[in-house]
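One chain, chain A, appears in both complexes that follow, with chain B as partner in the first and chain C in the second.
Entry: the complex of A and B
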C-alpha cells in the first residue's frame, strides 16, 4: 500500500526515538509543576489514510467513558495537530494535584472553569514541550494556536468525522501515559500530514547523520 | 579495564546512536539486547564491564532489569540512558543501584566522560 511507504522502516524508528525523547522532556517539565511521576510508554507511529483516523482514534480511547481533549495546532516546516486526550475525571484529579503545589484560579471560580483552565495549563505544558523538543531535534521552529479544550465529552462524539482533509495521509505519533499518583491517564496524538513528509525525511536523515 | 559493553534498548536506532558515540579504538566488544528481560539474560551470560540501560521498554522495563541485575551482581556497572529525565525516575534508578544517568539524545562527550569515570572506579576496586 502506497501510504505505508511514505516513511521507511528506519525513518519510522528514528521518529519513534525522537518522539520518545520529546515526550520525556514534556513529562519532566510537567513533573516540575506537579509533584508526580509521569509513567511513560514506548511511542508508536502509524501511517494511515485520513478517513481512517476517527475510527483509529476512537478505538484507542474507547476504554474511557468520557474524555477531555486539549488540542493545539502547530506549524513550522513540521506542522499538524496535537491532541492530548485525558481519561474521565482527569480535570478534577489534576486540580487536586495542582492545589498541593499552587493556587489555580480563584477559589470562587466554578469547578468547570477551574477544570478547563487546569486541563489547558497541563495540556499546554505537555504539548508545547513535546512538539517544541521534536521540532528542535529536527532543526525546526514551530508556533502554536492557543489550546482549545473539550471537557468530559462522550468519546464517540469527541472527534468529528470530517475534521481533516480526506485526501491526505496522516502520520500519527502516539504515546500513552499515566501518573503514578492520582487517577490520570491518557494519550498524546500528534497528527501531521503528507505536506510535511519531504521535509521530515530530510530532517530525519540529518538527525541520524550525526550518529553515523 | 573495560572490555565488554552491553547495550539494552528496545529501539535499534537508539542502540545504533549509542554505539556510534563509543570510541572505536579501545577494542571494546559490544553486545545488544532489545528489552530488559533479554538484557538480564545477556548480563548473566556475558558479565559485561558496563551495561547501558534504557528505562521505557516492553517485556521488562529498565527499572526491573536493573533490580534483577543488581540482585545477581551487586557490583554491576549500569549506566542508565533515558529520555525519562524526571527527578523521581533518576532518584529511583540511583536507589536501585545504577551507576549514573545519561540523558537522551546522547552526546559523544557525555558517553566518553562516563566511561572514563567507570575506568577510574574499576581501577580503585
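Entry: the complex of A and C
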C-alpha cells in the first residue's frame, strides 16, 4: 500500500460534497423514473483494507437479519462494485409499489421470480442513478454489468468472506436510503479500489478548480 | 462505412432509438428476424410496430437510460423476449418465440449528451431449451412423466411453510396400487410399467391445475392439494379410487383391472412438521391396505 494513493482529508471532504450534490440530483430524477420519492442520506466515506470489508458490511446490515442484495459492477475510469442491500421483505413491498402499473411477469411465474425481477430493476435504476451522477460530476462515463441478485438470505452468510483481492485498499462510499412509500430501506455501498484512486484524485482537483 | 458493415454482419440484433423512441437504426439481423426492412421502420415510433414494448418496465428503462446514462437489462430468464420473433431454430416446440437476452444503454454525442439509446438482442433459444430440459429432468420421473420424489420434498416443504406462515389449507392423498407385484409377476415388468404410466396419466387428467401429482416410490404416489380442506381431499381421493377402478388397462390384448388404496391427511395444528404430515397420510394408507384395500382412509 502506497501512502500517496490514499485520499487526504481534504479530498475526502470534496468527494463527500460531490456525492451530496450527485445523490440529491439522483433522488429528483428517480422520482420521475419510478414514481416514488427516494430519500438518500448524507453519504459516508471510509477507507479500509479489503479483508475488513465483510465484517464492515455485516456490522451495518445485521439489524435486518435477512437481506436481499443487488450487485453490479461498473467501469469507466471510475470503476468498482456497487452493492445495494435491501431490508427483508423489500422485494414484496416493491412489487406492491410498482404493481399497480405493471404486469410484465408471466401468469405462471412464481412470486420469487417476480421478486427477483423487481429487486433487480429497482436496484439497477438506483445504482445507475447514484454511480452515473457521481461519474458525471467527475466528468467520467461508466458502463455496467447486468445486475445480480441474492434474495432473502440471512445476513451472516449473504456476504462472502474472500471474494475481493486482499491486497487492495477499498474506498467505501455508503449511503442509506428509504422509500417514501412502503416500508423499504437499505444501504448502498460503492467499493472502489487502488486502480481508481489516482484518477479520482485528479478528478477531485479539477472539480474544485472550477470554484477557485 | 466500416462500422456500418460490422453493424449488418454481426449475428445479434441492433436497434437505435432517439429520445422520442423513434427508430434510427435497424440492422440486418433485425430485418431478417422481424421481416421488416430498415427502410420501412426507420423514423417511426417503436411502439407502433411493437406495441408489446409499451409497458411501464420498458418505459422506465428508457427513462433511466436518458436521465442517468443507465443500462437496462432484459434477461431471458425474466422476460423471455423483447421482440416477438418466430423462433428459427429446430426447438420451436418448447418456446413459441425466440428467447432473447437484451441490453439497453446510452449513446452520447460529442458533448456527452445522450441523444440516442441502443438495444442489442441476442438469440439464446438454444441455451434456454437445454436449461428447460435439465430443469424438467430434475423435477420429473422418467417413466411416468409426473413429478418425482425429490420435487415432492421441496414442494411440500415450501407449501407447508407457506401455510404455517400465512395460513391456508393443504391436504395430501397418498396412494398405492394394490397387488402390484402380481401384475409384474403375472404379465412382466413391461406391463407393470404400463400400469404405472396409465395410472399416472389417468389421475393427472382429473386433478386441478393447482394440484401436484408425484411418484413417491415404486408403485406409491402422492397428490398434494393446496387450498383444499380435509373433507375436500377425502372426496378427491374417492374420485381417484373410482377412476382407477374403472380403467380398462389393455396390455397386449389382456385387460388388466387394478385398484388402489388411499390415505388422506389434512393440515391442522397437530401437524408440526412436513415429516409428520407425510407420516399421517402414510399411516392412513397402510390402514386402507390392512382393512382390505381398494378404499380411502382418513388420517387418525
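Just so it is clear, the second predicted complex is superposed on the first by the 197 of 212 C-alpha atoms of A that agree within 3 Å, B and C clash if a C-alpha of one lies under 4 Å from a C-alpha of the other, contacts with A are read in each partner's own complex, and residues count from 1 in each chain.
Everything below uses one rule, namely that contacts are C-beta pairs under 8 Å (C-beta built on N, C-alpha and C of every residue); 3 or more make two chains touch, one makes a residue touch a chain.
Just so you know, these numbers come straight off a predicted model, no measurement behind them.
Undergrad: Considering only touches as defined above, state whether A:6 meets chain B (first), chain C (second), both or neither.
TA: Neither: A:6 stays clear of chain B and chain C.
Undergrad: For A:95, is the partner it touches chain B (first), chain C (second), both, or none of the two (neither)?
TA: Touch status of A:95: no partner.
Undergrad: Quick check for you: in the superposed arrangement, does A:20 touch first (chain B), second (chain C), both or neither?
TA: After superposition on chain A, A:20 lies in contact with chain B alone.
Undergrad: Identify the partner contact of A:146: answer first if only chain B is touched, second if only chain C is, both if each is, neither if none is.
TA: second
Undergrad: Would you sort A:137 into first (chain B), second (chain C), both or neither based on which partner it touches?
TA: Once the two structures are laid over each other on A, A:137 reaches chain B alone.
Undergrad: Please work out whether A:128 is in contact with chain B alone, chain C alone, both, or neither, and reply first, second, both or neither.
TA: Second partner only, chain C.
Undergrad: Indicate the residue numbers of chain A shared between its chain B interface and its chain C interface, in ascending order.
TA: Touching chain B in the first complex and chain C in the second, no residue of chain A appears in both lists.
Undergrad: Sort out for me which residues of chain C touch chain A in the complex.
TA: Contacts found on chain C: 55-57, 60-61, 63-64, 67-73, 75, 77-80, 103, 105, 108, 112.
Undergrad: Tell me, which parts of chain A touch chain B in their complex?
TA: Answer in residue numbers: 10, 13-14, 16-17, 20-25, 27-28, 31, 36-38, 40-42, 137, 180, 208, 211-212.
Undergrad: Can you name the residues of chain A that touch chain C in the complex?
TA: Answer in residue numbers: 26, 29, 32-34, 98, 101-102, 104-106, 113, 116-117, 120-121, 124-125, 128-129, 132-133, 136, 141-144, 146-147.
Undergrad: Please output the residues of chain B touching chain A within their complex, sorted ascending.
TA: Residues in contact with chain A: 10-14, 16-17, 20-21, 56-58, 82-89, 104-105.
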